[in-house]
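Down below is the structure, laid out as structure tokens.
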């Protein structure tokens, strides 16, 4: 057996374009997921008992079912209720909603871990509800949720590979397509694995860098 | 002349910049009980742990019944092979301040596991033997309890049974009652007293001065990493006093007095 | 959604459970070996285990499965898709479980290892009889969590040709043109399995004897 990686690497521009789509969906999806997750967590925390009960079910459903089933439902099932989405839009939406459920949990845990005493102290000092949220809760929470939030974003990066199964032209689909054109399928997969590995390690490294600097700021 | 059970010869130990033990030499004769006392930070626990090679002396040597422990004899100081170390160590039983019972095994399991895995006994033989040891420390009916379900005093008695099951000739006790509530120290001290009366060679790091005075054949007093005394209780407590020892004993009397109030 | 279709999904979910359960257990054994290599004191073993863990946590499972599925025949190994799926899933979960176990091993009090040493255990015996069981008990909730993650991740093994719950849902929705109720039903089955696993895990955790602080 012999492997020929050159024929894959010759298609570098295509690979880079796939990588670009992966990164766009990852960054865009993570951003949307964080925002949506934060809104949900805030509603659960401050919105009263009814909202908390209503919001719990979708979060549990999203966290209890495979992402693959979710995007199949969205992409293949959507048209039957008039929701006809381009693959990339379905992918972006899928990542955002799926991620939001996990971020909502991360933020909920973050809210809970801020000691009650800190909030009471702020109340005694005469701060308004909004002031307490922006001046006390959020900054304290940011430090606590940063590690799991960064971890989740790396998980989302890896989940974007599943979007190849609903024909989003991201990295996995692009490199696999090159592999079958060039009759070098194994080679294409090895390169694919290495690119993801490098990307994930880079993201982890950036995350640790951010954590270090943020904890210095607060110290 | 037979070899002493434990022969500590010119042992020094440094942790980084700090000198924890300074040129300590002492012998423990077979069948005798030595109690190590001294203020905290005096190095008594470190010395005891050196006797089990849980800490390595920076210089000097320790012999167990004439055999080197941890380092080989001879001009070149070399680490013993793990197998050799295990062989010499098999004569030593150790009891820790924090009991260190394995939390995932019952009392019986704690005592039996080494008999099975180290001594190669069958499960039923090991458990019979373990049960006999637990009986000896008065815990036969607690054999199937997990450590978390036992009181501190009971846990420490299981720990003693665990060490005794392996037939050591020497028992080392590292502050065996310091982690116990005062009302539970008695049951542990009684087991140790019984053991001493049976002729076990023992080295005990302790704050129980009364126990040291009544059970110890020798009292070793350490201060600042130096061995200031290693003598009979009569000599240590009655004879003309070393000022540091007197000061140390006074703080004990104060503490004892305040407990009575 | 007819009962006929639903029962086909239920039947396929048995394959999902089988693949996940076997993978979790094999992954657990591998994770213990990886932890042992990391703590063996050998730099080569430590680095090797580190690279393994980093790789399998760094590459999407889909890519891992495709790579194994396509690589094995090229190097002369042909396996049924069930075996391929299990190998792929267990390698991946082994890396994650090793990372979970690391915290457990670090949490074993040094005194417990010293008392094993004094009882005459070799390093290997101490690892097998003392450190590993204690580390496993301390990280048991993470193991239950990982089991749920693997149940969900097993939806990907359809790419190596195994017909489990997700693949069955794909097939049925292609033949009936009714993807919406079929994928929704598949989702409900996944959710139900995961709730059961979580409940069993909770029970098992409460029943585990001898955890410190209990």
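For clarity, chains are labelled A, B and C in written order, and residue numbers in each chain start from 1.
Simple rule for what comes next: a residue touches a chain if its C-beta (ideal position, glycine included) is under 8 Å from a C-beta of that chain, and two chains touch if they have at least 3 such contacts.
Just so it is clear, the model here is predicted, and its values are computed rather than measured.
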Touching groups left behind when subunit C is ignored (all other chains fixed): A | B
Remotest chain, subunit A as reference, centres from CA atoms: B
Identity of the most central chain, Cα criterion: C
Geometric centre distance via CA averages, subunit C-subunit B, whole Å: 44
Rounded Å distance, subunit A centre to subunit C centre (Cα mean): 22
Length of the line joining the C-alpha centres of subunit A and subunit B, rounded to whole Å: 56
Of all residues in subunit A, the ones touching two or more other chains: none
Of all residues in subunit B, the ones touching two or more other chains: none
Touch list for subunit C against partner subunit B, complex: 109, 111-112, 114-123, 125, 129-130, 133-134, 137, 209-214
Touching residues on subunit C, where the partner in the complex is subunit A: 54-55, 57-64, 66-67, 70-71, 74-75, 148, 152-156, 159, 166, 169-170, 173, 178-180, 183-184, 186-187, 190-191, 194-195
Interfacial residue positions of subunit B with respect to subunit C in the complex: 52, 54, 82, 86, 89-90, 92-94, 96, 98, 100-106, 113-114, 117-119, 146-148, 159, 162-163, 166
Subunit C-facing residues of subunit A, complex: 1, 60-61, 64-70, 72-73, 76-77, 80-81, 158-162, 164-165, 172, 176, 185-186, 189-190, 192-193, 196-197, 200-201
